[in-house]
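Should a chain be cited, it is by its letter among A, B and C, assigned in written order, with residues numbered from 1 in that chain.
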Amino acid sequence: MMKKNHLPAKIFLFLFLLMFIFLPFIPLVLTSFSYNWIWPNVMPESFSLSAWDYVLFENSSTWQAIGVSLLIAFIVTAVNIILAVPAANAFVRYPLRGKWLFEAIIFAPIVIPPFVAVMGIHLTFLRIGLTETIFGVVLAHISPTLPYVVRAAITSYSTLSVDWENQARMLGAGPFSRFYHVVLPHLMPGIAAGASLSILISLSQYLITFIIGSGQVMTLPILLFPFISGGDPAIASSYSLLFAGMAIVALLILDLALKRYYKKKQAAAAIKGVRE
Amino acid sequence: MLRKIKPYLLLFPAIITIVLLFFGGLFDGFLKSLGYFPAIGETEFSLKAYSSLLQSDAFWDSLIVTIRIAALSAAISAILGAIVAVALFMIQETSKSRALNFWNRLFQLPLTIPHLVGGYVIVLLFMQSGFLSKILAAIGVIDQIPDFPVLVNDSFGWGIILTYAWKEAPFVALMVYPVLARIHKQWRDVSRVYGAKNRDFIREIVVPAILPAWTVAAFIVFVFTFSAFEVPFLLGVTYPSMLPVYSYQLYSSGTLVDRPEALAVNLVLALLTVLLGLIAYYFSKRWNVLKGWE
Amino acid sequence: MNQLRITQLEKKFGERKKEENPAFSLKPVHLTIEEGEFFSLLGPSGCGKTTLLKLLAGLEQADDGEVWVGEANITNVPSEARNFAMVFQQPLLFPHMNVEDNIAFGLKMKRVKRAERIERALEMLGHVGLKGYGKRFPNELSGGQQQRAALARALVSDPRILLMDEPFSALDPSLREEMRDLLSRIHQEFGTTIIFVTHDREEAFHLSDRIGVMSDGELVQVAEAKELYEKPASAQVAAFLGLKNILKGSMEAGNFIMENSSLQVAVAGQGEPSMTHMVIHPEKLQLSTDLMEQPTTEEIFFEGTVKQLRFNHGFYLCIVQTENIELECSISSRQAEAVSIGEKVKLSVHLKDLHFISQ
């Protein structure tokens, strides 16, 4: 399409893309380390760690909020995986009457904003006593996240040819054995992708956590919000970075866990191969 | 017998969960919007909430604002996304999978950071005393803070639009890029042999090829922005507010009287998103985005 | 006369590109192709034939050498201005346009008006046997139909030269034959110069006026099919053409002495010191069960036992193990019935039917 040497154009594009992604973070980082940043100084006049100090060390709610956020996210994701895998199995490998209806039901929360359902069910939760509890918030987080895990599992299942399982059957493997040794390893990457999305979405929820939690269940976004809607910019920036960082770290952990799982599997398989 | 019902058994946990939690919530909200609230003694159905909603200026203003902001967000993120995709494609041309991996990872960054953070980032950049304003002052374009336009918490909604334009552009790019990547060298060779210069190639081949994916992506951004709460709540104004915020304002206004109206707004919102969702689904199936270009 | 003259055309690829690009360096090529000729480039995968074709199309830049068409030096003319047409291995019809728009594409690039280009496209559709398919989309056509459409696209703009890169290799055998016939017919009708790349020797033999055999980036021999078959210029060419009975040896005092054998052949008059191989065409070997017969001075004999009889489309290939060499000879079904495996037989061939190669 283009002749070989458009190097200056390429460099320009490269920089453009980098700037597009990173430029917005510059004021965020600078503000978090600033003491006072008066207009029109392009850099803060004085730097200070006081905001970070407050966020990380002085305010005990910070770590509690992080803990609660992560706890909810992981529980929600675990539940999602348990629900999604059999469902995806059913969708991909079995004939279903009314498949379209089941698909519509499961994917509805992607189309209809989840807070609609949460506002609706709020008062019922209140009566049952689920509000202001982590359990209640977990329940509320399932709807927005489950469809993505199901979708990822479906994609994964559809690339798994039945031949693999048939092969295992011929070699004498029963259903659970087959699932554990053949199906699950194949599904892992797809499930990991879906799980990442699930964790991410759960971590960033504000409204539905606020409605059900009624301010008692303190996740990081809830803690963050008052600061970013008019509080101290330095603290707000620090919390924002922490929030973004938490999301990235959670995803990295998942990524690493998956890689280690694979390494172990490969090592185990290699050993088995040698022994046999 | 077991074999026949097995798939339904496998589906049951997921389905029942969504039905109870999600559809149950929708239905619950619907009932309450009709005034049916046995817990406080209201057992009569009434369309009062809906009629007052349709007669309230606030609702219509909110709807208009929502459509406007969603449309602009979709349009701008679509344009930015297309530019980013093309830029990516042109860079990727000679480099191999290492580079592609790097960019894929990099682009996940705006997609990974939570919406509230994205919103705040825009606040810091675009508020009247914000970063861009400072830069402009430093190079002499403006003299005082009020010289910089109001782009955050403004009644037009620019803050919201900018946030979604930035955050969703990578999404559009990631949906368009695979199509671009498939228009590989062979297609360029064919068109060259038949006399197409670069300009012709882009106009006749590239643009029609990416149009379906691009349109679908833009539409998805539209629907998403339409029904979003967090960013409009942070970056919008009290009046007129986007529909989800409007609904929340009614819901949390303190009196139980407004709740049915809030839930009525929600129902309208739900119906609109379902309609838009069906349209998007229909078109994406019809245009069958990637077929034929291998 | 609009000859295509290729002089000294050369292309080198660097080490890294060699892995990505199997068609590696092209050694200097000299070739003249006449107007209206059907010329095939024949050779195994990776021999450079596609590279040469792409150089002619202008899709690759040569490192050295020139390409002339008639009086015009087109070496540096970009692909889009050469007015050649090309059909690739894949039909590469644009998926988002219907068939008639696809065919008219080249005309559109020449800014021909819509009415005229559609008319010409539809006419060409008729020539390739796709009448009525104009409004369909490529994904609604079969592989063979798509290639016909690609052919129509190539011809509609009345190109000076039509380049074809293994266009039928992705089709199944009966379809390939159909397409070959179509192409032959079209060549007759339109008189276009065609340069056809293939690795299928039957295809090249069937269609071409002349064939250029390529091997390892080099144009080894250019000749008509018959000459190529009877007088291959190298052992590689012979092997590629599927010739059997390629026997190695060396020259000594006017005799060709075969390796691993005591057999000598007097080649006085034809001999050159550099001769390295002798080729005996299977159909030139005569099989006889009469072991008493003696060779004349015009023949040489081989004695051996029948090792295998293979049926091949109406005649038989008889593989005979003689001394240290296996020879293949063609015999009729009747002869095959009279012979059995393990039987001692005699093979004879006229001296004038032997072909020698100097390498």
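Here, a residue touches a chain if its C-beta (ideal position, glycine included) is under 8 Å from a C-beta of that chain, and two chains touch if they have at least 3 such contacts.
This is a predicted model, so every value here is computed, not measured.
Seen from the C-alpha centroid of chain A, the farthest chain centroid is that of C.
Here A-B and B-C were compared by C-beta pairs in contact; the pair with more is A-B. Between the CA-based centres of chain B and chain C the separation comes to 58 Å, rounded to the whole angstrom. Separating the CA-averaged centres of chain A and chain B is a span of 18 Å.
The touching residues of chain B, when paired with chain C in their complex, are 186-187, 189-197, 200, 204-205, 208-209, 291-293. Put simply, chain C touches chain B in their complex at residues 57-59, 78-81, 83-86, 88, 90, 92, 94-97, 105-106, 108-110, 138-139, 153, 157, 163. For chain B in complex with chain A, the touching residues are 6-8, 10-11, 13-15, 17-19, 21-30, 32, 37, 39, 80, 84, 87-88, 90-91, 93-94, 103, 106-107, 109-110, 112-117, 119-125, 129-131, 133-135, 137-138, 145, 166, 169-170, 185, 188, 198, 201, 223, 227-230, 233-234, 244, 247-248, 251, 262-263, 266-267, 269-270, 273-274, 276-277. Chain A meets chain B in the complex at residues 1-2, 4, 6, 9-10, 13-14, 16-18, 20-21, 23-28, 30-31, 39-42, 82-84, 86-87, 89-91, 94-96, 102, 105-106, 108-109, 111-121, 123-124, 127, 139-140, 142-143, 146, 150, 200, 203-204, 206-207, 221, 224-225, 228-229, 233, 236-237, 240, 243-244, 247-248, 251.
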